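Here come two complexes built around chain A, the first alongside chain B, the second alongside chain C.
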Partner chain A sequence: MANDQIQTSQRSSERKKILLICRQAPYGSTLARAALDVALAGAAFEQDLSLLFMDDGVWQLLPQQRAGAIGHKSIEATLQSLPLYDLDTFHVEGESLQQRSLETGQLSGNVVVLTQEELPAFIDSHDQVIGF
Partner chain B sequence: MFFYHDGVLTGSAYARAPQDEESKVQRWAALSEQHGTDLVLCIASAVKRGLLDDSEATRHASPAANIHPAFTLSGLGQLIDASAVSDRLVTFGN
Partner chain C sequence: MILHTLNKSADTSTNLHSCLRTTLPGCALLLLEDGVYAAVKGSVSASMLSARADIRRYALREDVEARGISALLADDIELVDYAGFVALTAECDAVQSWY
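Up next, the complex of A and B:
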């Protein structure tokens, strides 16, 4: 029993590169919120996290969301708090922006745009990938 | 196994499959029993959807627990911890 516990704590101290891929609009489902909750939990567990926004997920980065009008809590405050946890870069797929007539200047946060060609290597550079 | 978002509905003790279909929750329970697999429902996703264990039912003054006994509720930290100690993470659904 004691051995198991020691082993568990040793294994838990591993630091992995974890990628969260956000592909849904911010309020149609609770997936956007779920991704941010996982990001905060990951930060608390001192994991090396990255966020990639693609498809409708890019809408999550638009500023001044007045989610209160539909009875939701805006995800914006949480997004803005992520740099406090060393999660200060949001990766965005460029084609997803183009398809929605969005430009990087309209998005909040420190945004790095990746092309579709760059995505496989980017995703491959992580140990674990979780989709939302 | 970690269930989040709508996936937590898998753990309902009250879900009833049509007569000509197998019960998924029973199959999960059998898998857990045979292989010692943890079946963990994300507590935030579960409580939001009305899926409660005994202690959450008491906390929220609800009449009874309604998750299948093969499942437990736990936080997202469990998912992160499992990711950190696993060689592979496989996700289904989204």
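Up next, the complex of A and C:
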């Protein structure tokens, strides 16, 4: 019994690879903001976090979001603060960009494009996945 | 005349299809909230909108600017602000919200 507890506590103290999958546009719901909150909290606890943007989530990465016009804070501006917490790479699904007529150069931040074929293995390489 | 409003991204809902197939020529369509993404140049939804030049097509300026897509909008979409939204509402007999 005591041995089990020790093993459990050892497992929980391991640094897990956590992936946040962001699939929603920035202001139509509160999910984009929720993902950022989790990213910031995880970063504060020095977790190994990755961010993947796909579907409408890629809209979050467009620069010059003047969100004050609709009473919000810019999601993109907050994303740009993540490198302060060593979260400096944004993974993006290439097909999601193409469907929206977007190019990598139009996005802000250090963007790494993954193809549809690369996504399953990329997602599988994480210990925990949280969808937003 | 009916004012149709659409507030969801065309990539996550079928609202744009439903809206366009039920809109008479001469009616107005206002894209707002995430609906404004439908007007991004080069997208499938933008060409669907362009194919309906018989409809007056607008996007709400505040929502466009908030999302950082001002420079990406198709040329045949007219921007209106909240005052323009109110004017359109007053001008039309009814409002149909696609949400």
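Everything below uses one rule, namely that the second predicted complex is superposed on the first by the 119 of 132 C-alpha atoms of A that agree within 3 Å, B and C clash if a C-alpha of one lies under 4 Å from a C-alpha of the other, contacts with A are read in each partner's own complex, and residues count from 1 in each chain.
The rule we apply is simple: a residue touches a chain if its C-beta (ideal position, glycine included) is under 8 Å from a C-beta of that chain, and two chains touch if they have at least 3 such contacts.
Computed from a predicted model, the values in this text were never measured in an experiment.
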item	value
Joint occupancy of chain A by chain B and chain C, clash or fit	fit
A:130 touches, of chain B and chain C: first, second, both or neither?	first
Partner chain in contact with A:119 - chain B first, chain C second, else both or neither	neither
Partner chain(s) touched by A:42 [first = chain B, second = chain C, both, neither]	first
Chain B versus chain C as contact partner of A:55, first or second or both or neither	second
Which of chain B and chain C A:111 touches, first, second, both or neither	neither
First (chain B), second (chain C), both or neither touched by A:100	second
Contacts of A:67 with chain B and chain C, given as first, second, both or neither	second
For chain A as apex, the angle formed with chain B and chain C - C-alpha centres, to the nearest 10 degrees	90
Chain B versus chain C - smallest C-alpha distance in the overlay, whole Å	13
Interface residues, chain C side, partner chain A - complex	7-9, 11-12, 33-34, 37, 40-44, 46, 61-63, 65-70, 72
Chain A - residues contacting chain C, complex	25-28, 55-56, 59, 62-70, 72, 76, 99-102, 106
Residue numbers on chain B that touch chain A, as the complex places them	4-5, 42, 44-45, 48, 75-77, 79-81, 83-86, 89, 91, 93-94
Contact footprint of chain B on chain A as seen in their complex	8, 11-12, 14-16, 18, 23-24, 29-31, 34, 37-38, 41-42, 44-45, 47, 127-132
